[in-house]
């Protein structure tokens, strides 16, 4: 009998005790194509309570929240709010009952303004016309609650994912709901944005709002939740007071066996240089980037959201075009004008935006994995399904991808999608592998697998660049860390010197005058980025 | 909403060039002529923009013009209904076909292209069937006067055109249900999750487009004093072209009525100008093709987002 | 690729119904006639599918048919070139217009609708301009024999049609450059970041479509021993309809040549059947509209993903 | 030919000897009938030293009214109007009348009879079709099955030619129309339609194409199917049809005289512009000539469609 199981049995509380206040779900079940993905789950959410919902990728967290929010109809079970039956059949039913969901995937209407996106579906009218002053004012208030400076009047098109995530949260808050579900909001947020969200959750809890918070960042969960609820394979494992459960116990509850999550120190890198970047600049975005990555080295990029890390690595990979600078791979100067020339030079990049840039969600996992390599995999100019499947299956085993690779990749869980994306760039071992937010939305188990893969790749002599907004991740993995702010390279720290405090100090330090960005943290630079990438 | 520099610049260039090339172009009379010349296509293009904003398309617009015009005429001349009633019936016929388009797309989940292709074909056939292809002529004087009278020097059809543009623009910009079209076309899933009545909006918009095609049909009928079963057939591509030249994206979610109006004027001014300049009939399409490409080419920003 | 039950069921139902309704329908002679009747539209629909897979559209296809046919004829009869050279030149003209479409969309970043609308207009005008509207007749016997000869009982044009479908289907299924079209149409940015040559693929596909339209033009010219400047103009909607009825999505990334072939047969069999049954000409479009809607309505799965 | 090209100064009329301009609004410049008519007009205008402004409406009646408006804007002296269709012609005539510009109608005139025309020059299409169909019926003994390939449904020419043949049918109770289909003046479509009609009607005796192109398409379909002994007739009198009649591919055509009608209209316009229009008759029907295997050798196609057509 482990601690976890004991706790689960002692503290388990249900509607049985007669208290019917709050949102009470009993026996929620759901299956897709006959496969059960949710098996009789009970969850009780009291006003003013924060539930941290954890579980592996595909455990059914999003499915649970979609059922509560009326997006998906359950096959079985029932829900009540304060004892009154609650049977939402569409999202608006949920909203009417004071239940709001902040979705895992960001959903915005790019052409509409930020304020309109917040009030979409219930734009207030004054004398028959939309009351723009009111929505702009109110939107600004809600944005400030989540710490966003975004101008409510500008269109959403071109805003960074982080900024969009903030709008998404503001949208939910503006409904003044009694219950809010946050489905992995921090996956797209940096540290400081996350802190804003936590402050907001604390305030909401004070006001008696019931909250479900889903995340794979377990420290975060412990910090914010009162109660931890864990799902595994669609079934409830148990629930615990957050103060009484350790991170290791949470991991164990999720994966169902003993599991130690730790960063082991990387093997020393070689002295050979895999990638050398000199004087890389892109007007208005970043300037003066100089660094080398050795073969076998894991090289981290740290900085706040909007610091320009993504732009730098996109440029190295050929997704964007530099205005100045030189790139060498294995000592040879390479001209990188487009992604193809990057790939040919041996540079592979896993982009941060899985849905928009990484995967074609309508095609199968196998097709996605082999997409860049079909020419290489074909014999006599012909590529067969057999070959595609065989190649994909090899990588599935290597990365422990759970789920079928012969169905549209969009129906895999987020973490498994991320693994498919990684697999895509491992078909042909690259000389330089760039990973931008490699574990966004990935569960602990998968994270470990990905970290191990990254280390293993480095050990075979690949130069690896890891960009991450999770400080623990980037510091735990890397030999050296480059810190950026305001589009400039502030320092390159060795592993020993790269303490969280040192990195944050550099990342937060005042943006120097020579910054290529006019207003660094503001949306403007990102807006420009978008235009640029679209023109490419 | 979105800036539409390319087409507007294109229009201005064409306008200035024609002013120099033809002494007749820049006369008040001619400019008013242009307004009435574009009125039918213009009225239809408003409906087309609304549908295109939703990410749809309406191929039936020209056939609906013909069918509602023929229905009205048949009810008046053949069934002997009072003219006002027949006129109303003609408008209802147009709206009905639009309603069918809406139901097929919103509930039948047909691709709009297919749904409206089917109704286009059916409406065109019915328009011919009513009189076995014969046109109907002889309408009340006041009805013919609609397109032959001016208010303060501006032809009534021009006034109707501008009024429809203005009302629709107001709706799109200031009314929640109009704004909703951008949301639905931009991201249907978001719209649905935000509780917007997506299907109702589709049905409404297709119905409006059908009604506007019927209005265009009345304008044409009044203008020619003749209801023709094949009227409007040639307008389809023009209507869509006007909207797309005006910067709307066929994938939905972006476009404006101001842009559409500019697109309408580009086509109208070009046709008028080539008439005035006596460009050889067979070269006219070549010039039109080249000018359209050039006018829009200057506007690289309005290029397609992915999809 | 994707299953296409709806349209296929539709085709079978139409087929069985016609077999009962007309004693002439199910004769070998008539079935071969259908094959040759759909050959020109069929050849063009292959190009159209490729473009639609990429998320594009080609409005110029009918005009290109006319222009390349007229160019070939003019070079042979008016400029006095050897026929084989003129024939090649006609094919090149078609491919060239396609190339222009490709460049305008891939580099000019025009919406494909606009780019091909422009070339459609220009090509139609040029086709008329060459002879001021006159058809050209009098081609070598072997050329006319192409559409008047059978191999093992199957008309050559039918063989050409099936061969083009087969080659294209092979390309789409087994060649990386063909499979790339699905990726590009599905998500262009993902394809680009995967190193696929997006612009090159676009240019290639538009050029192929132009070339295929020219081939269709040669078939029509050979069949009638006459090059006509307005040939093909009416085919545009048919060509796109065939592809969409066959289950392809106009937003790109999904569709198959098998589906397109089924769509082609639906349209071909319907038209043939109505001729055999002597359905009133006015009602034919009504029947076609209803059948298209019904055939596709059964296939709800092929409904639009958002955009 | 003397096809006009882009002439930016053209509209001012400065190119002509006397500064007078004739405006032409024509239904399209694709069908040979209209092309030949305009050729005839150009020939006559050259001779008289007049300037022509030719606008083609691409078969769109609405567009055509716009173009009449544009001609009035340019202050042409006389308008020659080849209307897209008879019912909508009144709108164009009314515009010209209101602007005080004399208007000559060719081929079509306002069906309602409204408006004032300087003169009307036309072929009697109904009579022509009746005569042709009667001839056709006689070829197979006045009893049997026939098919009709119609022009674009609802177009005036289609309606008038259908009406003429219906008149002829009234006198031949033993002739049955077993198939009637629209092929939109188009040879390719006529080919396909005829193929199907021939399949469904093994006893077919004749096909009446409402235009030469459609008759040719039908005849070629029969030829390919190996069906002989049928009668194919058309209306127009195109040079290609003359050849086909001579070769026995088709049997007859009703030749119209668009070139002559074009010349005549401009000659009349010139008279009106010079103030001598008083004696022009109100209605000038031009003969149609039934061209068959017997007389095809005696008729020069150039007489009907002008020297440009070979």
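Each chain carries a letter (A, B, C and D) given by its place in the written order, and its residues are counted from 1.
Methods note: contacts are C-beta pairs under 8 Å (C-beta built on N, C-alpha and C of every residue); 3 or more make two chains touch, one makes a residue touch a chain.
Values in this document were obtained by computation on a predicted structure and should not be read as measured data.
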| item | value |
| --- | --- |
| Contact-richer chain pair (by C-beta pairs counted) among C-D and A-C | C-D |
| Geometric centre distance via CA averages, chain D-chain C, whole Å | 32 |
| Chain centre separation in whole Å, for chain C relative to chain A (CA means) | 45 |
| Separation of mean Cα positions, chain C and chain B [Å, integer] | 28 |
| Chain centre separation in whole Å, for chain D relative to chain A (CA means) | 71 |
| Sites on chain A at which at least two other chains make contact | 535 |
| Chain D: positions in contact with at least two other chains | 3, 29, 153 |
| Multi-chain contact residues (two or more partners), chain C | 109, 128, 132-133, 187, 189, 280-282, 284 |
| Pairwise chain contacts under the document criterion | A-B, A-C, B-C, B-D, C-D |
| List of chain A residues in touch with chain C within their complex | 317, 319, 338-340, 342-344, 349, 351, 356-363, 367, 371-372, 374-375, 378, 381-384, 424, 533, 535-536 |
| Residue ranges of chain A touching chain B (in the complex, touch as defined) | 71, 90-92, 95, 103, 107-112, 116, 120-123, 125, 128-130, 531, 534-535 |
| Partner chain C, residues of chain D touching it in the complex | 1, 3, 29-32, 35, 150, 153, 178-182, 184, 186-189, 191-193, 195-197, 199-200, 213, 216-217, 220, 224, 240, 308-309 |
| Chain C residues touching chain D - in the complex, by the definition given at the top | 22, 24, 27, 29-30, 33, 37, 40, 128, 132-135, 137, 148, 220, 223-226, 228-231, 234, 271-272, 275-278, 280-282, 284 |
| Chain B contact footprint on chain D (complex, rising order) | 3-8, 10-12, 26, 28-29, 53-56, 58-63, 65-67, 69-71, 73-75, 85-88, 90-91, 111-112, 114, 152-155, 158-159 |
